[in-house]
Structure formats: structure tokens, C-alpha cells
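Written out below as C-alpha cells is the structure these notes cover.
In this document, chain identifiers A, B, C, D, E and F correspond to the written order of the chains, with residue numbering beginning at 1 in each.
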Amino acid sequence: MTTMQIHLINPNTTVSMTEKIGEAATRIAAPGTTIVATNPRSGPVSIESHFDEAISAVGVAEEVLAGERENTDAYIIACFGDPGLLAARELTHAPVIGIAEAAFHMATLISTRFSIVTTLGRTGIIAEHLLQSYGFSHHCRRIRAAEIPVLDLEESKNQALDRIIEECLRAKAEDNIGAIVLGCGGMADLRQQIQKAVGLPIVEGVTAAVKLAESLVSLQLGTSKHGDLDYPRPKAFTGQFEHLSQRTY
Amino acid sequence: MTTMQIHLINPNTTVSMTEKIGEAATRIAAPGTTIVATNPRSGPVSIESHFDEAISAVGVAEEVLAGERENTDAYIIACFGDPGLLAARELTHAPVIGIAEAAFHMATLISTRFSIVTTLGRTGIIAEHLLQSYGFSHHCRRIRAAEIPVLDLEESKNQALDRIIEECLRAKAEDNIGAIVLGCGGMADLRQQIQKAVGLPIVEGVTAAVKLAESLVSLQLGTSKHGDLDYPRPKAFTGQFEHLSQRTY
Amino acid sequence: MTTMQIHLINPNTTVSMTEKIGEAATRIAAPGTTIVATNPRSGPVSIESHFDEAISAVGVAEEVLAGERENTDAYIIACFGDPGLLAARELTHAPVIGIAEAAFHMATLISTRFSIVTTLGRTGIIAEHLLQSYGFSHHCRRIRAAEIPVLDLEESKNQALDRIIEECLRAKAEDNIGAIVLGCGGMADLRQQIQKAVGLPIVEGVTAAVKLAESLVSLQLGTSKHGDLDYPRPKAFTGQFEHLSQRTY
Amino acid sequence: MTTMQIHLINPNTTVSMTEKIGEAATRIAAPGTTIVATNPRSGPVSIESHFDEAISAVGVAEEVLAGERENTDAYIIACFGDPGLLAARELTHAPVIGIAEAAFHMATLISTRFSIVTTLGRTGIIAEHLLQSYGFSHHCRRIRAAEIPVLDLEESKNQALDRIIEECLRAKAEDNIGAIVLGCGGMADLRQQIQKAVGLPIVEGVTAAVKLAESLVSLQLGTSKHGDLDYPRPKAFTGQFEHLSQRTY
Amino acid sequence: MTTMQIHLINPNTTVSMTEKIGEAATRIAAPGTTIVATNPRSGPVSIESHFDEAISAVGVAEEVLAGERENTDAYIIACFGDPGLLAARELTHAPVIGIAEAAFHMATLISTRFSIVTTLGRTGIIAEHLLQSYGFSHHCRRIRAAEIPVLDLEESKNQALDRIIEECLRAKAEDNIGAIVLGCGGMADLRQQIQKAVGLPIVEGVTAAVKLAESLVSLQLGTSKHGDLDYPRPKAFTGQFEHLSQRTY
Amino acid sequence: MTTMQIHLINPNTTVSMTEKIGEAATRIAAPGTTIVATNPRSGPVSIESHFDEAISAVGVAEEVLAGERENTDAYIIACFGDPGLLAARELTHAPVIGIAEAAFHMATLISTRFSIVTTLGRTGIIAEHLLQSYGFSHHCRRIRAAEIPVLDLEESKNQALDRIIEECLRAKAEDNIGAIVLGCGGMADLRQQIQKAVGLPIVEGVTAAVKLAESLVSLQLGTSKHGDLDYPRPKAFTGQFEHLSQRTY
């Protein structure tokens, strides 16, 4: 049995969400896998814009740097925009998985076309950009929003669940799809309920990412240090980022 | 510990290759996973053309139909052209993974761009079509061929290995890539040797597919039966395919 | 006057459909052209899924191999998914035309954008894949289904015709198109009636393919034997496919 | 036997080229087909730039308007940039074929990938734009130029032929292709010699267009008058174009 | 202060429209910029089809040739189809800007996705082709038409304005966009009114092109004369275009 | 004369580079334009990786927030990866321009195809991603690197210039292009020298961005606040980012 430690990074700073995501990850993890769920000390309490994403990417990087001081075998970035993904990959030879990409990969393995159901409509553009960059644009029929703020998943869970299921049913009826991707890390604990209510395969990124991370570790495949994901060149950083100076990762 | 049975289908009929692939799969499999490696009774001894692929797809389908009578949790199609993949998916609610797609997915998780090193140049077009259909065209810098027939991987293994390593080194030097995808199921046992010799992450499809299959089973995600991967409509088949008639899969 | 023999292969095994398609082809053929319409002895009675397609591709290949023993000048694969097209091309230096590609090519010559009206919605994904592979995705506005099983075109012809016309009229009204492509070989005899009822150019693949096949023969252009459509390398086949062994095509 | 009249328009004003192209077209035409080869009275003697193209498009339109006063069944625009193609289509319900598109369509029917060998490198961008617009970009591996001015095909035919063959042989050796498309209408009479010398299928647009035009006429498919290729709205034209005013085409 | 002369070419021959466009351009121009607004002597009074475009391209080229005899620093082609754009670029080392491209560029700088509102639906295909060629297809959500002839912008201005605003409001409500591009040069004077009524950034091409032209002149960036936009090779022209012969631009 | 204030943000913290870029911007600015060139207090001294970019995006956002307290009319992000561009756009209704996008836009207005010459090869992937996201992939023939660290542009300027010119000359000779885009803000003062030495239009992003920013301000076009670039929803931030909490931008 392979034993490994996966560092699951919730890029926002809402501890209850970190715990919830950590539990969902632990439930799906293999027996030998330890999930270490953390969130940055600094950053937004939820991620619902490009700005929130940009700020959160610093915390993601800090968490990876912290993880590198432990025996971390793989990292997961548990926000659907995959904030800081390529930066994080540069900082480690371990694999780093974003939950959006994880969900997209899994969805294409069980269906020919899928839709995304996310929280707020304004974040749809983030998913559009990821789909294009990863190559999945033509697999995704439609990006739908339940129009619920992320923290409602913590605070008004039942109402939020109802809205998500409603939108998923609409997707099933209208979008000519085989699966639905849930577009927020905060939905990690809702997959089974939604799947039951909707009657379609529901792909959720946190759980998908755990399995992909375990897979890469088993395969002894880590982030390539040849070429453009190599460790950053050491250099000076100033001000509040001075501690990042001259690192030899 | 999840226990599961993965039916690994070698689409060609060369038993020694089936065994070799089965062993590579078994080595990488999780403790609870049983690999059942088979090949069709009927079909080509190697797959090196569209024609070989077309014939082999029948055998793949027959193997899936056989697998459905056992407690099969997932299927792998262990030929780099992913022959019969969508047909196989229609026949089961279990997940079905092709080794080309498995390798592509994994390669994009650890690098931004990769090259493929395959056996014969004439099969490059098959990889091109798969990359386009799956959405990975822009992730692949170049498709290279070692120009060795598939069965040389059985019969002249050392020479074949040398040729593959040579081509991989050329890819590393010239292609501006972070990883290499091996373009033939028959290379399943060579990954580690090649990786050592080349000094780049080498992604191999059989092993990648085992982990993806295990992942999907753990996630309780199977082939969607909603829409275009639903079971085929029952109907009459004639002649040598009469036994396929009126199945209610 | 060029005389030539075109082998029209109906990939399914419904003889009445073969005859109907053969007649439609003969009606449109040039004076010097002989249409030989056949179907495989073995295979599905209709093609409505990836699985049906995969099985039918064997029959297509067998028919081409048979055709090679006659004086065949060109082949047509008369099922809208173009099953076995590239495999068939490898087996001959004669041109091989699929009816889907034939219809797409012709439609782009007389309109800037078209829609497809096919039989069952679940086969839409097959057309999507072909459009992408051939390069016509942006020419096709929408894939519509009349939701009639293929054999209804034989058995409930009038009702089927009504449904198709209805869907075509909807396409004309809603899709901002100049032409409609009929998405099933079994509609070969309906083109004129539909065109009359709809008032748009209706492109039908069987008839289109006959003219393209004649064109290529006249131009003395056959399937390229340089590179990836060259004859398959001779090799052993086992079991029910043993007769394919060591062919030197 | 279908009888028809195809109006072959050489968009440049070099009469010797018009005759040569007309002869090539006549040689390939079916027994019932009459080729009427003309060129505009006004325009450039060769087309080697966007500017030459723009001017020549007027002549093409004038020729179509003239053709509409005869019993024209189809039009061919015999310059590889397909100048004025969509404008021409608006002016008639007959089919209009450009020789570049004709060649591309035919090339994809007999090979998976092709290269273009054209006259001057600077016209390569025109071919790039056409490939993208028509959807064939991924079928074309490379655009090559023999770097000969168009009229050299008239005046230094043998040298020109040598240069073209040389470039075609380079394409065959280096481009991983199955066919070559000749990128100039003035090469219409050279196809067979080049094909013999190069040993690859050589696709030439004038001859290809004749067969496509005949095909569409036989199929009773003309330019769609529904939507964006409908006749232009009648209106006033001024100055030297006043004669185009208020036409009711 | 940079002084410069911009030659604004209205490709149609309606003088009132030329004046209106010229005034809109002058209002937005920098203090040192002189706008010279002209239209060809010969051509269509409005441009609403590929045919109108093709004819107008001659006038555009003639205007550029005339402009080259003055001290012209930049050219603008003030019709939304950018007729004759590449031809015009060949004729000068000054920059040449089409108003469609100008509007697209500006729209992508202030929004992630936009829609186009144009005059007649049949011209939508022209915008589609431009979007694809320029690379903006995925930035444009939808092309909408107010279904008003171009000259209604002159003759029934208020009704036309109402229709345009109506369609813009529909775009705002339904298209998930951040900006709207006006799809006709004749709307140059309506931008502010529409923007006020709609409450979205409205991008208009004439004004956008003036600023881009000024920008390029300030940057001392002119049309590249290296490669495929170099001056056309001098050659003979016949008939009404004889005056274009043997130019050495 | 429009007066305006453009806030030019150098995302790295090397003051000498900020000054140099500021001077280049001031030289090209219109008479009424004031350039305020700043850099973040905190961040990397140069940006040569995804990690450097991610950290720098925070500083970019902070600078925009600071700019919002002044009378800022437009922002420029003066690093070729356009770090934090969409985040910055959310924070203001003023236009925000990245220098990479600025250069790409300008390059496509004066040439049909261009190459990029950047500093380090490893940053090429950043340019690739931007080209794809903006829609310019097919306009860029090749991304080349002079393989000089960014700060060499400060410290070994002459050697760096030589290397850049060398690579530009290679691009001119080999890439079939009409223009070259300089791939680093630190090259802002070298454009004219390089252009002189290379004999091709050289497009540089800082200067291009100044003119685009001025253009948008003149056009009264600011970042759309409708939809996905609207101000971020106010929320709590923790730790070192607490000062960003509950802003109502």
C-alpha cells in the first residue's frame, strides 16, 4: 500500500470551508493517503472574482512553500478557478492539481459533453478561460450559475443545495449532456445528494483531484522540472514579500 | 480499502503482449485492485493502421460484453489509438479508459507541453486525430516515431528500447517540452528505463489508465447512460455478428 | 465518356435499404457509371450508435476487399457516420467517399452555413466529431434530430418524411442557414420531396458521394498510397479474422 | 447525359492563360459539358497580391453578370485566391466554385494531410486565409512557394515546371503528406507531368472545379438564395459602376 | 503636438454619409489631426452584400492611391466589412485601419465578451468571417441585426435609432456581455445616444479607428513592407483599370 | 486638447526599470497626457516565471487601488505577461491595458503575421497562453528568446541589445513575418535602435499601451462594469490582506 501525504489547499481563508473540503477529501482518499487540509493565513474569505483569485494565489504559493518543508507528495488547489496553479507547479517537483482541471478531465472520461453549474454568473468567464486553456471548450456545452454567493454554501446550505439541484435539472433537460461538473470547491460535500436528485453523473473537483493526485504519486510522475515549470530563478523580493528572496526551492 | 476488478483489454491478439501489459498494470495497481488482462480471440496480432484498428474494435467490444458477465468495475483499452473506445463505453455503465487519453490527461497535469514518441510514423495521424478530438492538440508539440514495428517490442526488445530512447532524447533537445508520452501499449514495461535514460517525465498510457480507472471507480463515476453513451438500441445483427442481436445490455 | 464502376457499400445489412440507396445512386450517376450496391453479409440492420458503427466497419472493410477483386473504380460508404472510412482507404488505391463528408463538402459550396437534420439525437455526437475532424464545425449551425429510428425510414416512410420536413422547416426558420444536410443514408430517396416542401437546398450524402466519386475517378485521383493511408502492413490475424492474414493488398 | 454549360472565368486578363485553362477544363469535362472560358476585359494580367485580387474581383462579377444572360449552369473562378467568390455567388442561383476550394476539397478526400506549392511566397497568406475560412487549416501541413511569377508559367514554362517539381519533391520528402495541391490556375496543364515526376497525387484546382461544378449541376444544387448569399438588394451605383444600378438579378 | 493627416475613406458613394462620418471622426480627433473624408467617385451608395463590398474595394484602393499623392499619414476604411483592407495596406507604407477591426480591438480591451448589433442580418456572415480571421470569434457572443437598410440611417434616422437601441437592450439582457459593437459606419454619430439609452459601453468603429490611426502614426508604425503586405509587383492592367499599370507605388 | 493622467505600473520592484519605462512612456505620450510611473513597494525585482507573476499581481492590484484615490484616467500594466490584468480591470472603471495585449493588437494592424522576441525561453509559455486567450495564436509565427535575464536589460544593456538584435534578425530571415513584437517591458527604450538595425517594424508594448490608453480615454470607453468585470463583491480579507476588506471600490 502506497502511503502518501496530500496537501489540500483551500485558497480562501474560511476555516469551516477548509474543514468541510478536507473531510470530503479524506472520505474519498485511499487507505494510505493522509490529507492535510489548510488555508492561507492571509487572503479573501471567498473567491468570486479575478481580484479575489489574484490575491488568493499568493496564499496558495505560500502554502506550497510551507508544504515543501514537510513530506508532501502532492498538492491540490481547492478552488474552481485553479488560482495560482502554474505558479504552484514551479515551486515543487510534486504534482499539483487544480480542482477545475480535475473535474474536467474526469468528466470527459465518462461523457462526451458536459455542463458546469457554478455559484455566481460572473465567475463563468473564469471557467471559460480555463476550458480554453486546458483544451476542453468543445466538451462543455454550457456554463450555468445558481447565482448563490460562495459562502451561502456554508451559511444557507439547504437553500443553496436546492438552487444547485434546480439548475442541474435544467442542464439535464436542456443541454444535451451526459454529465455535470460542479463549479465550486464548497460543493464538495454535496455531490452525492445532487447526483441522486438529478440522475446524472455529477463530477466534483475536490474528490476528483484527490484521486488524480494519488494516481500521479503512484505513477511517480511529478511536475516536470525541465523547461517552463522549472523552479523559479532565485532573486530578490521586496517589502512584504522579502521572505521569498533568494530561495533555492 | 476499495476492492475492484479492472478488465484490461489488449486489443491485439499477441498473448505475450497481453501478459506483459497485464504485469505492468498489476505492478502499478492498488492493493485491492485485481487486473484481468485479456485479448480478443480474433483480430490482428498488432495494430499499426486504421484497418488494424477497425478490426480490433470488434474484439474490444466482445471483451467488454464478456466483462459485463463478470463483476467488472472498469475497463481499459490498451492500444494507443483507443480503438473502439466510444463503442465500448456504450456497452457498460462502468468506466472505460483508453491508454492514449489516459496518457494525455496525465501529461497535461505535470507539464505545459509534451511530445509523443510512437512506433511507426504512419500511426501518427491516429494520434493527431485523438489529440484534436480530446482537445489536447495545443499541448502536444510534436509526434515522433521510432520507426519500429509494434512486435519488435516483443521480439527485438533491446534494439527497440535503444531506438525509443534515441528519439526521446531528440524530443528533449529539440521540442521545448516538459514531458514525453509513449505512443504504444507495448512500451508499458519500458517507462522507468526510458525515464532514467532521458531525464524527463515519461508518461505511459497503460499505467496511467490503471490509476484513472481506479480513480473513477472510487469516485463512483461510471460511463453516463444519459444521452449519447447510453446502451445501444437492441436490434438484429446478421451473419457472424448474429449473437449480438436483441441484446439488452 | 468515362466508364467506371462504383461500389456503393451500405454498411448496415438491411437489403431493402441497400436497394433503395442503390437506386438513388443509379438515378444520379453519369451514363458511363455502373453502381454496384451491396451490404455486408454480417452486421447490424441499422446503425444508430458507436457500437453499431464499430461492428459495421468490419463489413465495410470486407466489402472493399471484395471490391478489390472486381474492377472497382471508387467506393462509397453509405452511412452518415462514415464508418470505417480511413480503414477502407488504406485497403485500396481507389478513392473512397463517406456520405457525411460528401454532404458537408457540397453544402459548403452552395451556402455559408448549414444545419444537419438526422434521425436520432444520440447520433448527433457522431456528426459533431466528423465536423471537427473534417474541419466543418464552424460551417454547421446546428445538428437537429427528427427522433425517428433509421428503420422507420423503411417501415413508416410517410410519417418519417413528415417528421423530417417538420424539423427542416424549423431549421430554416430558426438557424440562420442557407442549406440543410440530411443526416442518414436512408433518406437518399427523399431529397427532392424535402427540398420542395422546405424551399431550401437540401444536400443528401449518397447522391453527393456518387458525384464526388465520379469526379475523382475522372481526375485520376485515388487514395494516396504515400504515408498514412498506404496499404496496411501484412500481418497475422487470428480467429474469425484469420482470412485477413498476410494479405498483400 | 446531362448537358450543361460551365462558364470558366480566368480572373486575370492574360488571354493565353485563359485559353490554356479553358483547354485543361475542356479535356477533363464530361461529354455533355460545354466549357466557356473567358476573362474580364479589364483587370490585371496576373494576380499576385491582395490588390490584384481586389481589382480582379470586379471582373469576376462582371463575367458572372454576363454569364447570367446566357444559359450558364455553373461558374468557376480560376485563380487560386478564389477572388470575388462570395460576391459571385450572390449574383446567381447557379453554383460557383473557386479553384482553391475545389483543390482543398478533393485533396482531403484522398489524403489526410497535404501541402500547397504555389508561385510567389507573398501569396501564401492568401492561401492561409482561405484554409482558415474554409476549415482546412489542419489538413495543410505547409504552404510552399516555387518563387516564380505567375506569367513565367506562360513565358518560361519549362523552367517554371522544373522549379515546381523541385519544390514538390521537397514537400514529399519533408512534409509528411499524402498529396500536393498546386497553388495557381496557370498550372492547370502541368498536373500530369508533375504527378509523374513527383510520385504523389497532385491536385489541381481548375480540373477539380470542373468536376465539382458538374457534380452540383447534376445534383440540381445551386447557390442558396436563402439568407446571406441571396441576390444583392438593388440599389444605385455611381460613376464607372453605374451600369450595376437597380439590377434585379 | 504631432500633426497628421488621416484620410478617412467611406467606401460607399453616399456623400451625406461621408460628411457625417467625417464629422464624427473630426470630433474625436486629436488637435493636431486633420481628417480628410472622401468617398470614391464610383461605387454602390451603400454596402450590404459581398457584391457591394467587392465593387467598393476598387474605390477604396483608388482613394488610397489618391491619398498617396498627398501627405497622408494614415487611412481608415469606414465600412464595417473592412472592404479592401489588405489590398489597401499593400498600396502604402502608412497604416490602414478598418473600422470593424478597430471596434473589435477596443471592445476586447474593456470587456471580456461583446455582441455586435448591425444593420441587416445578411451582413452578419461578413462579421463572422472577420472575427475568425482577426482572431476574435470567441470574444463575440452574438451578432444581432436591427434589420434596417444602411441608408435608413440617413433617411429615417430616428426610427433607425430606436430599432438599434431596442436590439442593444436585448443584447444587454440576453447575451452575457460587457460591451456592444455597432456594426455599421453609418452609426458613427449615434454612439453616445445609444450608450446613454443602453447603459453599456458602446464601441463604434469610426471613432475607434481614428484613435488607432493616430496611435500608429505617433508610434511611427506603418504597414510592414516586408513580406506579404509589400507593394504589389508592377504589372499591366487592361481596360478600365489600365491606369493602374506599371505603377511603382 | 484632452488632458489625462495615465498610471503606468511596472509590476516588478526595480526602480531603475520603472524610471526607464516611465521615460519611454512620457516620450510617446500626447501633450495633455501625464504619465505617473510607479512600481509596487512589495514584490519581485524581475518577473521571469509564473510564480514571479503571481506575486507581482498583488502589487499591481495595490497600485490600481492607490491610483483610484487619485484622478487616474487609465492604467498600464508594464510587464509582458500582463500579470493581474483582469483583476485590475475589476477594480476600476478606467481602462486598463497590458503591454503584451497592446503590442499584439498593434502588430496585427500593420502586418499579417509576427514573431515575438522575449528574454528567457521559459517565459514563452506565458506568451503562448496570452496569444490563445486573446485570439492571436494564428497571427504569431514563433516565440523566440534572446536568453537574457530581465535585469540584464538594466545591467548589461549593450550586450543584451546585441543578443536581441541577433534574434530579431534571425526571425526576419526565417519566420516569414512582417513585424516583431518585443517581449519585455524592459525593452521599452530599445525599440528604435532595434528597428533601425533589423529593418522591420518593431512593436513594443509600453509605447503601444500608452497610445491605446489615450485612445480609450478619448473615446470615453472604460472597463465595463456590466457583468464579469464589475467591481468585486465586498468581503472580508484576512492577515496581511485585511486592508482589502469590505472595500466598496
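To be clear about the criterion, contacts are C-beta pairs under 8 Å (C-beta built on N, C-alpha and C of every residue); 3 or more make two chains touch, one makes a residue touch a chain.
Chain-to-protein mapping (UniProt): A, B, C, D, E, F = Aspartate/glutamate racemase family protein.
What you see is a predicted model, and the numbers here were worked out from it, not measured in a lab.
Path length between subunit D and subunit F in the chain contact graph, taken as the least number of steps between touching chains: 1.
Graph distance from subunit C to subunit F, where chains that touch are one step apart, equals 2. Copies subunit D and subunit E of the same chain sequence form an interface built mainly from equivalent positions, shared numbers / all numbers used being over half.
For the pair subunit A and subunit C, the distance between C-alpha centroids works out to 44 Å. For this pair, subunit B with subunit C, the centres built from the Cα atoms lie 29 Å apart.
Within subunit B, the positions touching two or more other chains are listed as 86, 89, 112-113, 121, 124-125, 132, 137-138, 176, 227-229.
Pairs of chains in mutual contact: A-B, A-C, A-E, A-F, B-C, B-D, B-F, C-D, C-E, D-E, D-F, E-F. Of all the residues in subunit D, the ones that touch subunit F in their complex are 121, 124-125, 132, 137. Listed in rising order, the residues of subunit A touching subunit F in the complex are 13, 40-46, 48-55, 57-58, 60-61, 84, 86-87, 89-91, 121-125, 129, 132-133, 149, 227-230, 232-233, 235-242, 244. The residues of subunit C lying in touch with subunit E in their complex are 112-113, 138, 176. Only residues 1-2, 28, 30-31, 86, 89, 95, 97, 101, 105-106, 108-113, 134-139, 172, 176-179, 199-201, 203, 207-208, 211-212, 214-216, 218-219, 221-224, 226-229 of subunit A touch subunit B when the two sit together in their complex.
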